[in-house]
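Across the two complexes that follow, chain A remains constant while its partner is chain B and subsequently chain C.
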Partner chain A sequence: MAGVEIRRVVKQYGRVEVLHGVDLSVRDGEFTVLVGPSGCGKSTLLRMIAGLEGITGGEIAIDGTVVNDMPPRERDIAMVFQDYALYPHKSVYDNMGFGLRMRGAAKSEIETLVHEAADILQIRHLLQRRPGQLSGGQRQRVAMGRAIVRRPKVFLFDEPLSNLDAQLRAEMRVEIKKLHQRFGTTIVYVTHDQIEAMTLADRIAIMKDGYLQQYGSPDEVYNRPANRFVASFIGAPPMNMTPASVSADARMIRLPSGMDVTPRGANLSACAGRDIVIGLRPEHVSLGDDPARTPVAGKVELVEPLGSETQATVRVGDARFTGRFSPEAGLKHGQDVTLGLALDRAHFFDAETGEAIRLAA
Partner chain B sequence: MAPRTGKTVALKPLPLTRLEKSERRLGLLMILPAFLLLFAVVLFPIGRLLVTSTQQLRLTEPWLGTPFIGLAHYQKALADPRFWETTLNTFIYIAVTVPGAIVVGLGLALLANQPFRVKWPVRLGLLLPWALPLVFAGLIFRWFFEFNQGIVNNILMWVGLPKLAWLTDPFLATVAICIAIIWKTSSFVALILLAGLQTIPKSLYEAAEIDGASKWQQFIEITLPMLRPAIIVAAIFRTITAIQTFDIPYAMTNGGPGNSTETLAMYIHKTTIDFLDLGYGSALAVLMFVVSLAMTAGYLRYTRRDPRQEA
Partner chain C sequence: MMRFPRPRVMVLIAGLIVVVNGFVPAIWIVLTSLKTEAELLRLPITILPDTLTFQNYTRVFTDQPILTFMWNSVAVATLSTLLCVTVSALAAYALVRLRLPAPGLILSLLMAIAMFPLISLMVPLFQVMRTIGLLNTWWALVFPYAVLSMPVCTMVLISFFQDIPKDLESAAMIDGCSRLGALWHVVIPLTAPGVFTAGILAFVNAWDEFLLALTLSSRVSSRTLPVGITLYQGEFSFPWPIISAALVVAIVPISIIIALFQERVVGGLTQGGMKG
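So, the complex of A and B:
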């Protein structure tokens, strides 16, 4: 087992720089998820850890050893690819044993280890089949089997679940989490799915345009987002973002349509006289007037019943707030409602830089 | 491939409705032109060939007519040493130039598959020998291997070796012809194999790299097995054309010295065009057709075991 150190790593393709000095420290045994929209550089970074992409600047160390110039086979890593990359002409057994065979393991050892891994992943009955005869979920298991059979120092996952349907994805998520609990091996996992990131990670690294935006526990990135991008990327439905300006005495907030509201329960002195963006999670929007919350009047624009809850978007002047409400509220399209905004739970961002503004307690 | 489950149950065919009958009639009508064309240029000539092979038909002795002589021509062929010699020569060309073209073609395909910044010179170099007419290739190589002015002997002398009688020594002439055929045909093989190479996902090599496979191991463990269907297709095409080898030996040695480089196709040509013995020539052509049918059938049986399934 080993940690992964990424220090000021830069990646350029020709003149185009796609990673601009990323620093990231994955602790020994930690499950780190790299997440971000497509093109943010997360897969590139993972492939650089694997040794499949060269490093333009900075350094990457695995288990304390700088691996910049080390070929992939010497890094003692295993990788699960998005398209699984199973060898189509080899049986499941040979796919799983390939890495061991290439490293000169004895036949009996390969057999023991492959059977052990197959038992863990419950694919022993598939060992003689070819990948083409397997379902997507089974292939996924084989790909993971191929990775765990060698007991590497670090597991790398490159969007491993994106080719599966929703139900299988949820199943395999549990499976991956169990594997991590069982082996305790360091994992670096790339996904664009923030739910995967939240459920799997010990720590999440959120990336955008080749920059690391925030690196922290799921709780941290959800509850204390470093900037507007992180705030809107993490959480579903996404955080409500409303531009606003705060009066000089911080007692009044002006919403887009010129509607003025008096904030309750939040000391906005840090925002006094500034143009800001208010970020409010849907669970912090309620129906009806609540003395602890800031009331605003609006009209229901969209109702999405989900069974256990109803998500509704309410138009307040030019702003829109999506909330999660009880189905019993019986919201109807076009209905006039009063919303209670829990501004004490809201996030405030500088309108220009998008950086979070920390309020005085 | 989906696992086959259950058995097919034979159902009694339902009587056709009027619509189905008229659709079927229309369908037959639509394929009629293609069938007629095929009949005129393939089936009829083959039938004619079979008939002629059982007739005495010598244009040098037209007064003999075209009497039916049964399998006499075939008996003659089996007792004809020149038939056996040219058949053996043809098999030598097949045995040397088919694997030769595949090995060289694979090398060229691997080269062309490299991430060159400018791809067109490589692709052009690949296509050029293929686009060149066979007889031209034969003439070019005849000049290459020419005793006094040929570039090959010039090079041999330049490095201090004696000149060789490339086109007049039976063994060396065969070698020279094989080299010419391989040069001419490997680009076609390379094109087929290049197409095959480009369908191999890059991630397989990345996975193998991480699994610890060296470049050579990746070639043996991934490239070759994944390329097997393409190699077999190339081998079939190449073998069929190798059985018919004619132009290059014709242009380089015209079968000489003696009959030592003559192929079966050349012998058929000589029999029918030079000696005007159409009956015997037809029988030889039928024998060649049977051989080529047998060889391709063997290959096709092998291809049915397709190892390649989508990952």
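So, the complex of A and C:
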């Protein structure tokens, strides 16, 4: 097992810089998820850890050793690819044993380790098949088997579940979590799915446009987002974002279309006289006038019943708030409602920079 | 009124023309090799031999050292094919995978090799081979044959290598292969149909070549089959049945090789390793 240190890592393709000095420290045995929208540089960073992409600047260390100039085979890592990347001309057994064979392991050792990994992943009955004879889920298991069979220092996962259907994805998510609990190996996992990130990670690194936005535990990035991007990227349905301006005495918030509301339960002195963006999670929007919450009147614009709850979007002036409500509320399109905004749980961001504004307690 | 499937008929006719054009001369040679010279010169001509004779085949082996010619042909064709496919595979891989400067220019230069008229190469090649002392050896033919087949072999392999997903090589490199190891363990097995296609092209080119073989190998001991077969012709005679029998003997090995390799030239090997 080993930690992974990424120090001021830069990646350029010709004159185009795609990673701009990323710093990241993955602790020994930690499950870190790199998450972000397409093109944010997360897969490039993973491939740089693997040694499949060169490093333009900065350095990467695995288990304390700088690996910038080390070929992939010497880094003692294993990788699971988005498209599985199983060798089509080899049986499942040979796919799993190939890495061991390349490292000169004895036949008997290969057999023991492959069978052990196959038992863990419940694919022993598939060992003599070729990848073309397997389903998507089975191929993904084989790809994971190929990775765990060598017991490497670090596992790298590059969007491994993105080709699976929703049910299989949920199953495999559990399998990956179990594998991490069983082996305790350091994992760096790339995904664009924030649910995967939240459910799997010990810590999440959120990236955008080649910059690291925030690196913290799922609780931290969800409850204390560093900026507007992180706040809106993490959480489903996404955080409600409403531009507003705060009065000089911080006692009044002006929402779009000039609606003034008096904030209850939040000390906005840090935002006094500033243009801000209010971020409010859907679970912090309720129906009816609650004395602890800031009331606003609006009209129901969209109702999405999900069975256990109903998500509804309510238009308040020019702003929109999505909330998660009880199905018993019986919300209808066009209905006039009063929303209670829990501004004490809201996040406030600078309107210009998007950086979070920390309120006084 | 019944509609006539015209495009299918056209395709059928085109296919027939190709097949007939290819097979009729070969069948004619086989039939000629089984006739006596007297029957061949008789009018009206016969298609099937009146009296079947294998005498011509005996003469093929007794009149000239055809086994030596054949051994030279096999050696030269095999060595030039191995050299050509190895270099072409490395070149194709580099052009497909490595970020080379001006890959378009490299490809154009490669194709330019294929444009040289062979006759223009003969004199310089002769002088080079004489200077380095390779005249009348296999290598005098192996090197030029390998180079002459390289453009087409490289193009064939490029088209096959482009279909191999990059992640397969990445997986191999993480599993412990060097780049060349990934090429050997993953890319080459998966592009076996392409490698065999390129190999067959190079082998047939080398097997059939006449002009360079005539120029660079003047000793009987180093002659290849195409040149050796001309030795059956006398100063004032053309023993067509014997020459035909020699041609049949020359065709047999290459037919066997093509038949063996054709089994390997099957697609679909890459199916299933990736998503889908």
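The working rule: the second predicted complex is superposed on the first by the 361 of 361 C-alpha atoms of A that agree within 3 Å, B and C clash if a C-alpha of one lies under 4 Å from a C-alpha of the other, contacts with A are read in each partner's own complex, and residues count from 1 in each chain.
The definition used in the following text is that a contact is a pair of C-beta atoms (placed from the backbone, for glycine too) under 8 Å apart; a residue touches a chain by one contact, two chains touch by 3 or more.
Computed from a predicted structure; not experimentally measured.
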Chain B and chain C placed together on chain A: clash or fit? clash
* For A:136, decide between first (touching chain B), second (touching chain C), both and neither. => second
When the two structures are overlaid on chain A, which partner does A:78 contact: first (chain B), second (chain C), both, or neither? both
Quick check on the superposed pair: does A:163 touch chain B, chain C, both, or neither? Answer first, second, both or neither. second
Problem set entry | chain B versus chain C as contact partner of A:89, first or second or both or neither | both
Going through chain A, the residues touched by chain B and also by chain C turn out to be 50-52, 71-73, 77-79, 81-89, 98-99, 102-103, 130-133, 139, 146
Note: in the complex, chain A contacts chain B through residues 50-52, 71-73, 77-79, 81-89, 98-99, 102-103, 130-133, 139, 146
In their shared complex, chain A is touched by residues of chain B numbered 1, 3, 201, 203-204, 206-213, 217, 221-222, 225-226, 228, 307-311
In the complex, the residues of chain C that touch chain A are 165, 167-168, 170-178, 181, 185-186, 189-190, 269-275
Contacts from chain A onto chain C in the complex sit at residues 47, 50-52, 71-73, 77-79, 81-89, 98-99, 102-103, 130-134, 136, 139, 146, 163
